[in-house]
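Take a look at the structures listed below.
Next, two complexes with chain A in common: one pairs it with chain B, the other with chain C.
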Partner chain A sequence: MKKKKMIISRETMDVDFVRKVEALSGTSVRRCFQCGKCSAGCPMATFMEHPPNRVVRLLQLGQWQRVLAGRSIWYCASCETCSTRCPNKVHLASIMDALRKLSWDLDGPSKESYVQLANKIFLDNIRIYGRQYEMRLAAVFNVKSGQFLKDMMLGPKLLSKGKLKMFHSKNKNMPEIEKIFARIEEMRRKGEAL
Partner chain B sequence: MTTPLNYSYYPGCSLHASAGEYDLSTRELFKALKIGLTEVPDWFCCGATPAHNVDELLSLSLCAKNLELAEQVEGDLAVACAACFSRLKTAQHVLGESPVKRKQVEKALDAPLHLDGNVKHLLDILARDLGLERLAAAVNKPLTGLKVACYYGCLLTRPTDVTNLDCVEAPTIMERVIESAGATTVAWTHRLECCGANFTLSRPGVVIQLANAILDSAKAAGADCIMVGCPLCHGNLDIRQKEIEGVYNVEYNLPVFYLTQLVGLAVGLGPDKLGLDAMIVNPMPLLKEKNLS
Partner chain C sequence: MSRIGVFICHCGENISRTVDVERVAREVGLLPGVAFSTDYKYMCSDPGQNLLKKAIQEQKLSHVVVAACSPRMHERTFRKAVEAAGLNPFLCEMANIREHCSWVHENKEEATVKAVEIVGMMVERVKKNRVLPTITVPVTKRSLVIGGGIAGIQAALDIADAGHEVILVEREPSIGGHMAQLSETFPTLDCSQCIMTPKMVDVANHPKIRLYTYSEIELVEGYIGNFQVTIRKKARSVDEDKCTGCGVCMEKCPIRKIPNKFDCNLGMRPAIYVPFPQAVPNTPVIDRENCTKFKTGKCGLCQKVCGPGAVDYEQEDRLIVEPVGAIVVATGFDLYNITEKPKGSMIKGYGEFGHGKIPDVIDGMTFERLASASGPTGGKILRPSDGKEPKQIVFIQCIGSRAREKGISYCSKVCCMYTAKHTMLYHHKVHDGQAYVFFMDARTPGKAYDEFWRRSIEEEEAVYIRGMVSRLYQKGDKIVVMGSDIAVGVQVEIEADMVVLATAVQPQAGADALAQKLGISYDKYNFYSEAHAKLRPVECATAGIYLAGACQGPKDIPDTVSQASAAAAKVMTLFAKDKLEREPIVARVREAGCVGCFACKKVCAYGAVEEKEIRDRQGNLIKVVAYVNPGVCGGCGTCQATCPSKCVELDGYTDEQIVAMIEAL
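Up next, the complex of A and B:
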């Protein structure tokens, strides 16, 4: 990535994408003046190929495909340090949320699949059980990511301490949660929500 | 005579599973302090980080639904988990500011929104509603000589205009609460640093690196133990501590308590009522050494 030449022209810029990010996140991408304070305080910057301030800069330059293709957005921990410290009140954590949503909707342009897989199982669990079911979360993740032995040593310890529940009780009002999921899907089909 | 304190209670998913001891110690502590706590009937998951990560509308809708369910129970909403607390407060904040999102969520719920109820973290209730003086008056087994590293993590204080719990860069609410229970607090560098949170499932290597820095800092500051108010922080610092010690070839042996467990000890509750046996790093040798068990 470092040595790759970056070409910026009217053709490469995509202001519509920036507008979409701003609508979703409720904050300004264009207001960032690259002081770098977000990246200085970011606990996850060491794991990213584009640190947070560069993610914003790439957006400003219309290079959103590079952002969505990378793993940076999926390595953001949502700790909100960046948003808290930004001198220009750019809510970067919300921008990261918006970028993940847009990447999620495009279904997999990013190299980082484990975080997305974990998110997917988490949301499936809410729809099926109404609440989080940690046992299923870990088990399905291990199977689907092909890491059958991941954290195997922790399992028995957690079970004996009562920290992993084998069974799960369902909410009595489950139809209500299904309706919420269904109505959101309906709104998106009709173009009433992003 | 002060007015009795009564709250609706949103435990959240973790407290019904991996953080059962946080739920138990919260209920027992509140009982001992004569604070009413009634669980919100049939609450749903707040969506936590994964929901807002990829689908803000879903996250806001789930939180709005929970706020609506909480209306059935009288009193402000007490929340134990820092992540649930952050999500519920964020939903109130965002839906209060954005008419567009508010309309979308109303449509998703097919009901008017109830956003006016107060959402409070347990720390807020102990420090402000009950008050530190009354808390101190309820202490009958002060935690004398116990050096505690108070770990805030991310979501209790950030972002400041949303959570309104304490100063965002230099909070003191945890220290004030536990000092009222007779403990000593240590000054340390990593009390606001991220532990890696839910990367514990997808990318545990991240958690091991970040949690190690936190444990290392607490140990260097001379702490006997760490106190947290979040089940994810607890999981990463307690459950993964042995593994971290192996990776970095160090020995921390730092018990990680929930704030309700330590305050519970100080008001005289026994280990069985605080779920101390569920902690992975055994706290009993430390408590014996300090004459606290």
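Up next, the complex of A and C:
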């Protein structure tokens, strides 16, 4: 990835976005003094183009677009090692959560990663069927992500072992499921949940 | 015939583990001149010392050799014991058989033979030791303090409060120094003037302090307890006794546009001026280079308007000689100059920052004046170029400091903290502005210092960017700052309205010349050197001269005040006695052989060698010889090694003694 020069000014530093992250995560971004301990212990850091400390650094400079354009936040496994070890009480795992939520709200599925797409189809399935319907998940994911033949050869094997069902089976108590979704949506509207 | 007593110590097991001490005692006892030899487990202990004293009296010993540890460890102990037994303490020598023998060898047989040889050498040496009387020097209980900044003020007040007279010499027209220029001070943000000016007034009113402002040190003669200092009191052109400080002369002076050095050249002053309104003394001075009266002979307005008739154009420099016993040097610092490359200096300057040609690139002290309520802008942060308020301000740290290639390798220590303070002051004064700081490391050791720095980031919204700036250039009325953020790993560009450079702390100009007058040593940056970096941090190697403040190395206000009080305490310790006692291990010149080449004078680190005239009875000059002043001599022996005619000898270390030691082997 080509690294673009950062032009820093009041206008290019989006402080409002960072305030939102701080409000959602309940932790201060400014507190971080870049010791790098979070990146040192992160099991997923090798997969990230911005290691955890740099995610915070970019937020300090209001450069959230650079963070969301990458896949770092989606590779975060939420293991919370960073938050546990941080010497300065920055809850980085919560910041990652907040970033994923804001990324979702902003522009739907991220182009860099399909994690967001997979998450979305997964939850849609739950809402429609009350439980997971893997066949549909795989099919819709492949179509939407444009990778039509992805993992195709795994299909027969999973079918023969009974791990993948051809037809869905619906939960019997759909109104209750819908209540859960509705309640979370309500909480989100009020800003009580991510 | 000498009757030498040899006392061999086991040092617990430290020596006896590898040296057969009883055999050493036996063998040494057979040496010619040795009347008594014995060994004991702990020679330095109370019973050990008593054994020594008893032996001296019972055996009627004339000299003593203690074979034990290094003389650095216990020479004083044993010499005291010897003195208590009625012998001159300088007839006692130590043979080091611990550090030089038992600790560095494993083979007991060989170590024992070596120990016998070492003791044998010292036996031969001690035979030639002379009875030396302790040197006493009278003390003049007055002190000179050079420099009227916070360091000099604190030292002067402390010494004066102890009841000793103090002469405070300041080069500028007013005392106060750099601290008077500062706006607010870290880490508490209290106003510098508010804590400084009362102390300045205390100095002016103290009955024990004699203040010489607008004065410089011309000549320093003498030695500890007995210095003669010549002070040049520069012509002020205003009689200090007559002047009431009304300020009419300054109001009427037609020359008004002279940049004021106190305001870092931002504000203007007349040709007759006080540097700042709170100056002490509040007596103006005429800047003769810019005054019309002195340039053309016309004008003379100030003299006409002066009610008490204090203005005196005929005044001349006066030389005043003051006898003092101790000197505190507190000449302080100056900032690395960003505007030009100093000529003939090892410092290279910053071409990439325009050598100060961009008007809105200023240094830290200039920012202090902008932020100061008594400054040229009344405390408003305004650009020097067009007087607009900067909305984006960039601070760059480590300018000059920690840049070996540019000439200075040390850290200036105060810049991290004052830059953090600057971002806060800026945030308090320009609410819609944004401060950025480029830094390499934030060095904040000190009480409540790191918390202060974090506060500037976490609460006062300063954006700190780790990485240095490569270049600054003017673009329209903006300054483009090209830097990098090494945490992100990308280049960073900021269009700033104003840039503040945290320039390095350097010694005052002329610090080296003053050091040469005082005979004290200084490092390659002209910072004065202390006698020992850890254990004698306020004393110079030259006896009777003490250091305080940033003339010794970059220092913040708390450290400076602590050191000033420490130096004052050292002066008071010196003044506590009427006479000084000095160890008589000093060099002596054999005048008959001295040819007066003064090679010894050139190498003497203490300035102890003087020229002495030898005359016959009629008063005709026979020759000029070297004379070592015992009050100043440090006993290092360099003169002895240098003298081509072998006519300087250090007592206790004469050539005769060294040769005797070698022959004993």
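Everything that follows uses one rule, which is that the second predicted complex is superposed on the first by the 169 of 194 C-alpha atoms of A that agree within 3 Å, B and C clash if a C-alpha of one lies under 4 Å from a C-alpha of the other, contacts with A are read in each partner's own complex, and residues count from 1 in each chain.
In this section, a contact is a pair of C-beta atoms (placed from the backbone, for glycine too) under 8 Å apart; a residue touches a chain by one contact, two chains touch by 3 or more.
The shown structure was predicted, so the numbers you read here are calculated from the model rather than taken from an experiment.
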Next item on the list: State whether chain B and chain C clash or fit side by side on chain A once the two structures are superposed.
Entry: fit
Check: Which partner does A:34 reach: the first (chain B), the second (chain C), both, or neither?
Finding: second
Note to self: Contact-wise, after the overlay, does A:179 reach chain B, chain C, both or neither (first, second, both, neither)?
What the structure shows: first
Check: Looking at the overlay, what does A:57 touch: chain B (first), chain C (second), both, or neither?
Finding: second
Notebook entry, point to check: Between the C-alpha centres of chain B and chain C, what angle is subtended at chain A's, in steps of 10°?
Noted result: 100
Next item on the list: Have a look at where A:65 lands relative to chain B and chain C in the superposition and call it first, second, both or neither.
Entry: neither
Check: Which chain makes contact with more of the residues of chain A, chain B or else chain C?
Finding: B
Notebook entry, point to check: A:97 contacts which: chain B (first), chain C (second), both, neither?
Noted result: first
Next item on the list: Name the contact category of A:115: first (chain B only), second (chain C only), both, or neither.
Entry: first
Note to self: Tell me the contact category for A:162 with respect to chain B and chain C: first, second, both or neither.
What the structure shows: first
Checklist line | After fitting on chain A: smallest Cα gap, chain B-chain C, Å | finding: 23
Notebook entry, point to check: Residues on chain A in contact with chain B in one complex and with chain C in the other?
Noted result: none
Check: Okay, in this complex, where on chain A does chain C touch?
Finding: 3-10, 13, 28, 30-31, 33-34, 53-54, 57-58, 60-61, 63
Item checked: Residue ranges of chain C touching chain A (in the complex, touch as defined) -> 391-392, 434, 436, 454, 457-458, 461, 463, 465-466, 485, 487-495
Check: What does chain A use to touch chain B in their complex?
Finding: 24, 26, 43-44, 47, 75, 77-81, 83-84, 91, 93, 97-98, 100-101, 104, 114-119, 122-123, 125-126, 130-135, 137-138, 141, 150-151, 154, 157-158, 161-165, 171-173, 176-177, 179-181, 183-184, 187, 192-194
Next item on the list: Flag every residue of chain B that touches chain A in the complex, lowest number first.
Entry: 13-14, 16-20, 42-45, 47-58, 61-62, 65, 94, 97-98, 101, 104, 107-110, 154-155, 158-160, 168-169, 193-194, 196-199, 201-204, 206, 210, 239, 243, 277-280
